[in-house]
């Protein structure tokens, strides 16, 4: 019964979920003028599974069985490469915006499988297996609520003055648990079926109540979604060719005494599992991230080349230098992403990309993204923020003036199409959204550096240096 | 009769000027819901002249005579420092957005005085002097239309397939000239009194018709302004504390057989003066630019410090490192700006800032601005693009949820106020506007580098190197 | 008869070769106090082939046949990976200094095979095949003389005032040709068996005489080697643990009417082949380069970690940040090198690494190398240039003073061993040598950028951008 | 009796001082083949005072009194600018190497005057005044021993396992004190008259014995100087035009029960003064540093321009770009240095440069120096490390070969003179010396960043940001 259609997916969102947007309760997500755009963007996931072009990539076949390839548990290099390609293809169909209604959820499921697998606790292992099978077989869309609102960054969960700064269990009952607290930056919550909740940090003694992982349907009583309107108002497809059609929505995700039955509780009161879950999750999720960044990078390089031609400056030395840098930047990220898969490790039969290489790819992407934006804006010109809008372009009186005065080496309509693509990608709401995501999504640059520091194996390099210095290598650690 | 009030200035905009915005003719600039914001932002210029706090800085007194200090012809270091301070103060009052209705116009007037002064041609000198006195004594607001639409960047004006790609004279009559063509990126045109038109590049033989400088009132027949709606729609003061109240508007400025009487024609048919005008203008205008960038830099540094405290991360080593970099970046620009004035040169009694130092300040500002943005976004967090909007904040039902869940080391209202300031400065339309201006306004980074290369005096350094190498210095050039 | 011993190799250098060093003719290379160090460094190549640890890597076996694995013509990914590993292992044995007596020569041979293979000219193909077999079967050491002295960089070979600025044919005889001119930067020439001479640039009509490739034994009459003494005088193994034992020598390689028999002339008078040879050669040679840079990078990272521990600062946040950067830098180069092999192409049965990826690896290495040096010096401290020398250390009177006063978290002897390793790697003659090689060897950074620009395939990225902009992709080029 | 001649200065070094170099005691510094070069380099200080070209800059006249201008206590902007110019001129005469036999000593004296002035303790104030007058009136040369050997970086002086890791008082007697311990990186010690000893860090309770400042003549019994031979062996003026004639020497400076009479003890047992002294000293010394870096920067820029011309590549776009960057880098440091003086503060009549601006200048210099080196090496070419040596150049047989084959756009002799200047500046021992000094001398880059963080006044920027955010500024600190 897997492989729903886009229509089935959208129909499934029509339930009692409690969403607030711009100060008001939203009763019908799909019918909402802005949230509906996001839901239909996400629905591309289901369209691809039925599109002959993508079937091989998007659908896993095992005998007569078929399910969404996002749910395929990676077993080897090839599975990870295919997963990366699928995420990349979905994002390209999404016009540089990731779909993210199965990517992140399966990242969480694979991580929980690995973490619980390490415990050898049969019941927990069965619960995550059952939940995974449920999601896969019903072709469900999932959000992952991980980042807690945190309160005072200098204090652990149990030290906060308000205990709800991290999501926690407030009551354990025979049939399940009651949870309170809030998560932030939860992507796609208003238009998925399930929310998987993971700890966002390592926990210590005393943090038991905050050490839990579980999943609930979005329409669970007490679960309230306060959706950000950051991308509100992008209504001009002339100047915003991407963002008028593609949108993602994040929520403040509040758990107000939400009941979770035991079969949805993957663990609770387990400080020892919290940090492991957080780390294992990002081992998958940063690989997802660098995979879904590739179309954005392609768009930046491609738009850079196109606007250089459209402006008639593509033969200038400094322009070639900038295009070369852009290409080198983008392809370094792509290369390291591929290599992270090629160097994968396997734990309990689950393949995961090499941690150092994945983080290196993400770090490279993140720390040079703003320079890429600057470079692209440099190539494009001031018209990015001083040009005409769609109402001008559509005016029969004004259009001829613009057509006369705005050509470069390309005619005005073609030049402005590329110019506006760049404006959408780099200067307006969507541009700001991508810029901040580059710095913060899937962990900040500092988090990536810490992950690299931890994952780096110094054996070869330190031993070599010690040998060159004429020192015993076995005493290095001294 | 100088020193108009803001009301007088705004009233003066009510004339036959021909403005188009979002596809429609605008009959009343001040009353327009969006252009009116820009006009009232510009009116701060006039308010300051009547504000006791700023009178000394904003008003020049010569005997019983008084006029706007923007019009004071700089004679020495002190005049340039005062001018810089005035521009900085105006921009700070404008909440990081320059006012620019006298700054750029006087930059152009001072440049024309210097360039025409070199010719020794009494009539031209008198014309510019008369026009300057007219503007000064009537306390007029001015735009400068310089950047031509350019068409094919590889061709000179006379080589373009459409001769209107650069503004040109199409007819010379007894009483004046007729001009055609279009300028782009003209700031503030809809709400100034006069438009000064300058060449945007050096001209050669054959480019006579495009080698002209003149000025016309905005309401001159045939002058049509197509205003960009880039900043359209910033209607939520919660998330956009600056840009809902402050706005600048650029136009595509079309000259459709505009008549210019001879006393407004500073020169025509003078290829030899075109490049000189363009270069001399930016000698003043880049100094204006670095002066008006200072409040933006202060806002970035100050917001960085504030959000680090609000988030409770201000004691982390990497945070201090980032704040130090931000401060060093901002203060290098400020220091070099001050130094450009201190090292000024004087031509024909007009003081102008040191060209190399001015460009070095601008280059420093421009090439590291995107890194500053990244750093500020890094300090702030993902909430920049996933946070609540004003309609949420104003909802009595939702506000308590936000107040509970969004505090850091500061309460949620104070933290969100700083967060939204940063979001406005770096991620939304206004953020994109400032980012592109950093790269392109007052000349691109490449243009600044070329100006630095030309202005660098290699004598000291090359002679020293030659002496160290044991070589004659007089043969260096060989 | 392949697989000579180191002693056989060194004995083979005793011939009539004409070498000048520090103003004097050198009659016995191996016995020379400085050139002998370089020759014995190169001899590591032969030692490895007889070392059981390296035999699998260093020796190619085909049936009963055995030859040095450098001569193995790469046919697939695995061959290229093995070649890279061999070059890396040789350089590690060389203590960060490449051996380069077969690496570069086989790069040249493989390139000539590909280039001549394209011509389909049986005689030329046979000549290169014969020469390759000769070198392989006699286990010869080879230098490649490519970079011409060039004279006026703005002129082509035929335009130079002195025609000898590029190596050229001055006479064609029945038995061979006579060549004149000089090459610069030729590595290892004094202690190899053969010199392969390639054009250093593309040639055009009129450049026929300069369009040739050939090979001669070093001891050919008229071939004169003027060896650089740049690394002269490294005589203190305490402060120079690497460079007192390992050395490479470059020559100005002068051809004064050198006779080359026809079977050693791969082509002559072929402007069309010159540029192709130069480009094809660097396709192999930059892959060699990034392979041999890896031990240097390992040494830098490893020494950075070790000195941080020795100094007792390894827990400081900024130190971890710097070590992370160093690791990320080094591993990006390593990763891209591996990927260049994994993405190889095959021409006429010869596998060559992906050109864009190879150049990206080299570009990454080169443009950030000086930052790595700065970082390492930062971690080490001023003692790099103010510390004691070996004569102090060896003085029974002084050593106790040094041992008392120079410990950090490690004892003085261990700390100084790492400190001096870093000093040798970054501040003294060898440090300068590696720094300049990073910028210039195997082509400058600008050359790498040009290669990247040419090798970048814009199809995917430009098509994607055009699609996002709503434009036909087939008209991009317009 | 001030204003000694160079001969008098050199004669004064002939005393019982205890110096070790390359494992041996040096009895005659001036006559030593290597240390003598350093002493004569330092003697340039005295030559300048008698050179009519420099008298106005180098000599202070007060009535009939004359003394070295280094000793002039700065009272205002002009004094600081003159001091900076004098240091710059001395370093230019020293061919990019600072003289440093009065610069650093007066930095220490001015700092002690300020710090002791704050205490109001008449006796201490008199002691420093007497010592200052003594040095000034006898025109003495001074070293400053500040950096302790430190041992375990994680422990305070009193916590070290060996108490001699920081210089300390071991006995207080009626006539003076006995001190033990060692300083490192002490510049010029072997060829100065006096050594001033300052604490290198802040001290706390328990650190009394290490909290002292004093001065002794170099020839004091128990004071032993172990000179580094890092710059040993620069004997070829062809390839090392600077470093064969100019040299500076650092010592490990050991105090083995050195007696200091009370009138040379500025304070002892004063933890409260230790940190203040260290900070106040660098307020002067970093200004000295940026002043003496200017000739090095000029040499880099000038050599860059010269070699671009010599190589014939000065018209290439990327070359102009690099030269522009070099000029911008150097002139930013120069500009900020000048500004640090212009913004000086005055304490007790002693003017000192603005702390933030001084550190900003030093930080700019230090963090981009390696990029400047890379850029210069890029412009020069591989010949920096593969070129001929002086013995080749002086050989009548070889010189003609080099002259024929090594010209570019300039003849070989002129091109090689510039090439070798760059090689000396960037690749050999002297290049390494300058590179490490850039990172570590006068405090590391991290120390400069900490100084900037502390010196930054956030009032203006934070208040502005708070106002923009609509928040009270007086609650910022909350």
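Of note:
So that you can tell them apart, the chains are marked A, B, C and D in the order they are listed, and the count of residues begins at 1 in each.
The rule we apply is simple: a residue touches a chain if its C-beta (ideal position, glycine included) is under 8 Å from a C-beta of that chain, and two chains touch if they have at least 3 such contacts.
What you see is a predicted model; the values in this text were computed from it and never measured.
By the document's definition of touch, common neighbours of chain B and chain C comprise A, D.
Taking the CA centroid of chain C as reference, the farthest chain centroid is that of B. At the interface between chain A and chain C, two copies of one sequence, more than half of the residue numbers in use are shared by both copies.
With centres taken as mean Cα positions, chain C sits 43 Å from chain A.
Work out the mean CA point of chain C and of chain D, and you get 39 Å between them. Our note on geometry: chain A versus chain D, Cα centroid distance of 52 Å, whole angstroms. Touching two or more other chains at once are residues 318, 321 of chain D.
Taken pairwise by the contact criterion, the protein chains are fully connected, each one touching every other. Contact residues of chain D toward chain B in the complex are 92, 95-96, 241-242, 295, 298-299, 301-303, 305-306, 309, 320-321, 323-324, 327-328, 330-332, 335-336, 338-339, 342, 356-357, 360, 363-364, 410, 414, 417-418, 420-421, 449, 452-453, 456, 458, 460-466, 468-471, 475-476, 478. Those residues of chain A that touch chain B in the complex are listed here as 20, 22-24, 147, 149-154, 162, 164-165, 182, 184-185, 224, 226, 228-230, 232-233, 239, 250, 252, 254, 311-313, 318, 369-371, 373-374, 377-378, 381-389, 391-392, 394-395, 398, 401-402, 404-409, 423, 426-429, 431-433, 435-437, 439-441, 444-446. By the touch criterion given at the top, residues 316-318, 321 of chain D touch chain A in their complex.
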